[in-house]
Amino acid sequence: MTNKRKIINDPVYGFLTIDDDLLYDLISHPYLLRESQIKQLGFTYMVYPGAMHSRFSHMLGALNLMNRAIDVLRSKGVTISDEESLGVKVAILLHDIGHGPFSHTSEHMLADIDHETFTLLFMQRLNEQFNGRLSTAISIFDDTYPRHFLHQLVSSQLDMDRLDYLARDSFFTGVSEGIVGTERIINMLNVTDDMLVVDEKGVYSIEKFIISRRLMYWQVYMHKTVIVADNIFYNIMRRARELYKPTDETSLLHFLTHRHSEADFRTDPSLLDLFATIDDNDVITTVKKWIHHDDKILRNLSSMLINRHLSAIKVGNQPVTSDLVDSLRERLCQLFDIDRTETEYYIGTGILRNNAYNFNDQEIRVRLKDGSILDISEASDQLDHRFLEKQVTKYYVYYPKELRQS
Amino acid sequence: MTNKRKIINDPVYGFLTIDDDLLYDLISHPYLLRESQIKQLGFTYMVYPGAMHSRFSHMLGALNLMNRAIDVLRSKGVTISDEESLGVKVAILLHDIGHGPFSHTSEHMLADIDHETFTLLFMQRLNEQFNGRLSTAISIFDDTYPRHFLHQLVSSQLDMDRLDYLARDSFFTGVSEGIVGTERIINMLNVTDDMLVVDEKGVYSIEKFIISRRLMYWQVYMHKTVIVADNIFYNIMRRARELYKPTDETSLLHFLTHRHSEADFRTDPSLLDLFATIDDNDVITTVKKWIHHDDKILRNLSSMLINRHLSAIKVGNQPVTSDLVDSLRERLCQLFDIDRTETEYYIGTGILRNNAYNFNDQEIRVRLKDGSILDISEASDQLDHRFLEKQVTKYYVYYPKELRQS
Amino acid sequence: MTNKRKIINDPVYGFLTIDDDLLYDLISHPYLLRESQIKQLGFTYMVYPGAMHSRFSHMLGALNLMNRAIDVLRSKGVTISDEESLGVKVAILLHDIGHGPFSHTSEHMLADIDHETFTLLFMQRLNEQFNGRLSTAISIFDDTYPRHFLHQLVSSQLDMDRLDYLARDSFFTGVSEGIVGTERIINMLNVTDDMLVVDEKGVYSIEKFIISRRLMYWQVYMHKTVIVADNIFYNIMRRARELYKPTDETSLLHFLTHRHSEADFRTDPSLLDLFATIDDNDVITTVKKWIHHDDKILRNLSSMLINRHLSAIKVGNQPVTSDLVDSLRERLCQLFDIDRTETEYYIGTGILRNNAYNFNDQEIRVRLKDGSILDISEASDQLDHRFLEKQVTKYYVYYPKELRQS
Amino acid sequence: MTNKRKIINDPVYGFLTIDDDLLYDLISHPYLLRESQIKQLGFTYMVYPGAMHSRFSHMLGALNLMNRAIDVLRSKGVTISDEESLGVKVAILLHDIGHGPFSHTSEHMLADIDHETFTLLFMQRLNEQFNGRLSTAISIFDDTYPRHFLHQLVSSQLDMDRLDYLARDSFFTGVSEGIVGTERIINMLNVTDDMLVVDEKGVYSIEKFIISRRLMYWQVYMHKTVIVADNIFYNIMRRARELYKPTDETSLLHFLTHRHSEADFRTDPSLLDLFATIDDNDVITTVKKWIHHDDKILRNLSSMLINRHLSAIKVGNQPVTSDLVDSLRERLCQLFDIDRTETEYYIGTGILRNNAYNFNDQEIRVRLKDGSILDISEASDQLDHRFLEKQVTKYYVYYPKELRQS
């Protein structure tokens, strides 16, 4: 037969099954293959050396969880047509396709577009190439498909995206605190009145999930060394943009020195293809080259990133005072014999924010045995509003290590 | 050499190393071998079929963690003499030796002594047999040894007992919610002013530990099916004691029908040896025999336990009213055509209680980078007093399944 | 609905799903619950303390693998009716139900029947109780069902029984050498001409499976300490049978002192129910009691087993000479001051035998990409006939430890 | 204190401990950081998406195993001085530092030097920078240190390099067939007459190790899709070298278009620093750029690699005949309308070879309980000479996919 059923080894789940020709053709498309060259966690490998896993593997992993979720829901009597099943699988497979290299930081540097818009641009382009076979997937993704719970499987507090990335990032960083009972949560999913809900027996697992997510947030996603690397990389891009006139020397420089809007991408189809050629390799190669750049600032910053001569960082519960920043700048001027304006490439501040459960976001709903629906904050004995609403805000300032020792 | 270095396979940690002759001789002693016939989690296997692991494997596991803890502390400059090292290892190895079969339930049924007292009785007896080589271990265990942190390694909020049983019970039940970063926590241990403390970097792991413990509590240790089995078993022992005159027919019956005090055990050394012959096998064999007992109540209860015709149970947040209990009894009298007094063997109530972190108990202290010491409730951004102090209390009533359907 | 869909935690696979009322009712039946009191690996826990897992958990595990195998085969276009699916699931669930306590050793001691016959007796009895709903299962089990590959899923070189017990025994002993890519093998199964075959891509996994099985054989199943314990237990039963007249004192003694044939079990239906009341608990309780028996031999043997004062054993590649046995007996007579006849309870010999791949047994067939079928010995580059046919035979003699030191 | 004790999360072992300032300074050195940008398994991620792990993580992993090996040997009474301990740790940490990007393929393309020589060049340079503190490490590495077993820990059939990469590659590819009982093997190591040996109890683990290595070889290291990617990449480099005159445009092009000998590197110290700036990123960035190269061949090959339009490959047990190659070339000429000389960039042949145990290489020696030493082929019942000596040789031919379909 022409069936392209494929089994792919995955260290997190053992096996991933690709059971449809469209899915098979999509994962062979250059737009997706490109994600195999983009790390899921950017510079996190500087702290957790195992965290080299690609966005590509996350896309496959989320697809795998979607396969299971559909099986579970169907076994509980939820009707999902084959068209819907394929649509929701394609939607989860492509949900992150808009991410560029180190996208956390580069997102608004390379274009005036966020990664969600890029995702839609890619999906629509692929839909043209595949003769409209992605239409259902797109409507599920942008929540215009009539059955809302399908969208929730792709994007909500309990979507397959989050379930996979928590499991995967925990696995590759080796941070066992982030281990989540993914399989159990999926087994507890159900649908009521077109809403994705969790069966009552799953409450404990949801509690664990919320807490693990929070711990991963602080221990991995907001790790202070990674924050520092991100800021240095941001300053590198900022400085490069100041130095370079619009140029097409490389794809990366093109996007760094032009400032394309969504309209540009829609007007000129070749732009998206050009954007699709950029990945982590271009970033690192370029920054390595800049270690020998004429501009001292770009040179210094590039060397700091590549040779991991990372800045010091202080994280605290109070906003960083301008007095502190001023005095750091002052000392840096003296120490390095530089202008005050130059110090802003080396010293900066920022805010980290996280709450366990965002009430503005979609809720996690629990279906009790008697059929009634409660929010997790009501259904849980362990987690109440006070805990869930608590927003942790931290403030940081980073500055050259040399200031620490003087 | 005569060195009895021994490596034992353990599914939780891979390997356990016994590196001292005394330890080797102890784990070959009948008092300890007996614990290989006593399940760590009693009747929990009725819900989690994998939970057949023995108290013996827990004792070895806790010893293994102690080995690591000593290595970590020594590498951080904490002085621990070889005598102290062996003492604290023996103490953790023997810390649970006082547990009898299904001891959660049988504890006060088989003697007027709790399991901690039994542990001391066994330790002292072994100390005689081993010519005083357990003296340091005993003083660490009963906290009379001058260096308090050694006792804390054996018994405190972060002792090797808890760290092992959470990891082990989570492993064998398959409840991934209970997975704790045991190795990371041990790596973060330190000693300040003779107190066991956690280095600041370990705060996240402690948060995860506290929460996992809480989830394990409700999902495993207080699982309602296990509560029912425990209650039925309790009623079986109660009824048997009413029916039997003091008898020596079997060791189990001896202790069930006599009521020995600690003084008895001290006066008559053979009593402890007799007690040491009882394990899970005697309990199950005896209850199986009672399925054919002349007494109808004992017969019924025994059959309910063995054939898992377990009672129904309702768990709620409000105390069970006497009205509800009365009406259940009333209906049972009619349904089974029995006396009202008989119903109390089939219907009963109880309370389940747990708070995340017991402030009356020892605290978990965190050492910040600046050397100051904080309680975890102050050092943690995620867990504050409100969360940690919150005590969850639940009330249950159990009754024959037949009442549910009528 | 009345659907009894049930999810059971299992440490090996995470979750087991029971998706049919008949399966649910079977796993609640006393005949099966009894297997939760029978250890899968008998006395192996004396060497591997984690190996306390029950035959019950193995039965559930094999059922779980069968669920997956059916899904895989159906996804490859193999037609399996719902009736057949349920039949083959029931067959694998019940395939080991004939095992009694420590059945490896006790098999021919408790009745003149092997455990396969007991399995059929139990199946037929259950079929009566469930009004013939097990008929398909029984015909698949005894290979009278027309579609042979269904039987092969239950009993062949690659049946779900073996795949589960290798994975499970490796998991609970902690012997990582036995880890098999169970999931991968099942993914590679297929059916050709009513034969279970392995797709060509699965050859490497089969090689690993054959070798792992061989290593598990020597490292676990034939571990010499376990062999010793088995022999002591055998001698205990032998001695007890000599001492006791036919008695009904306990179920265990009944079967030990009578000698029932298959005909007896068919004539008297109550016999099977009586047999079903015996489990590991009865064995250990009884042997513990015999530590105080009047008969010195029974007393000694029982103490050796319970207190693990196990015999010494020598395993070699040459048959044990009668000269060696004679001289051991001679020395034992002198050392213990006993009769020569008595020595045969303490000294004995035996043979251990294993080949990697039994050619008399069913073959493992591989389907190449071109559709042709080869035996694994031809399809594999690594394993050839010479390797696979090689039968390892070892000879052992055991004798009291005291002889070793004199 | 100034102690730079560091704990690094590692998904394979949980934790890695860096317990010496020299080790800490080395892993912060640009020469080593560079290895975090070089994948351990090159293009293997095209088949196993999880296999993105870096050589850096392997170097840390091997160091971790060395830590354990030293502990085990010392606990068995083998004297290892602190100087030797640090030396052998540094040696294993740096053992792979000579690897460049995709070094399997690029090794002789970028310089006339193999990676072992590069390793020595780097070690000697570092030794200068660290004032001779690496001298012991270097003498252990090049086997001039008097105690030979230390070298064997770094380079032999059972060195920490192999033990780590088998475990690590198995982990990240998700190929469970490669799982090896690493911890058990290390526990079984010992030293006799200055030779690294395995205690008799470790024979089973060694058998499993040899077989797992063999399976990993065919399932991962020699996976045919990876072989194809390697060949395409080789042809890309070959073609580029033909097209480019010596150029310094980028570091990669410098080395691709010059042909430096070991003498060059010794004469001009800056060459090694230049070489140290190249990593995987440069390779991918460059090949991506060549997709738009003027030269059609380079353009085609680059596109095939990046867009994974990989060649077809046939692997067989017989040498590929020149007739077959000729006919493939003929058909390609017609299909693509190209010259015959051009076909050699698209069509090629090669040999894959592996035997389980290389007798020319160092042996694995087993120490029996009686103290005698045997080779594993004699000590093992499972593996005999016939099996171990068996060399598997396969022959392959690759050619454009288009030829397959015509």
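First chain written, first letter: the chains are A, B, C and D, and each begins at residue 1.
As a working rule, a contact is a pair of C-beta atoms (placed from the backbone, for glycine too) under 8 Å apart; a residue touches a chain by one contact, two chains touch by 3 or more.
Since this is a predicted model, take the numbers as computed values, not measurements.
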item: Interface composition of copies subunit B and subunit D: same or different, split at half; value: same
item: Pair joined by the larger number of C-beta contacts - A-C, A-D; value: A-D
item: Remotest chain, subunit A as reference, centres from CA atoms; value: C
item: Whole-Å gap separating subunit A and subunit D, where each centre is the average of the chain's CA atoms; value: 32
item: Distance from subunit C to subunit A - Cα centre to Cα centre, in angstrom; value: 49
item: Subunit A: positions in contact with at least two other chains; value: 14-15, 175-176, 184
item: Subunit C residues touching subunit A - in the complex, by the definition given at the top; value: 5, 7, 14-15, 19, 75, 183-184, 187
item: Of subunit D, residues touching subunit A in the complex; value: 8-12, 14-15, 28, 30, 33, 36-37, 39, 45, 48-50, 52-54, 56-57, 60, 171-176, 250, 277, 279-282, 284-285, 288-289, 306-308
item: Residue ranges of subunit B touching subunit A (in the complex, touch as defined); value: 175-177, 179-181, 184, 204-205, 207-208, 211-212, 214-215, 218-219, 356, 381-382, 384, 386-387, 390, 392
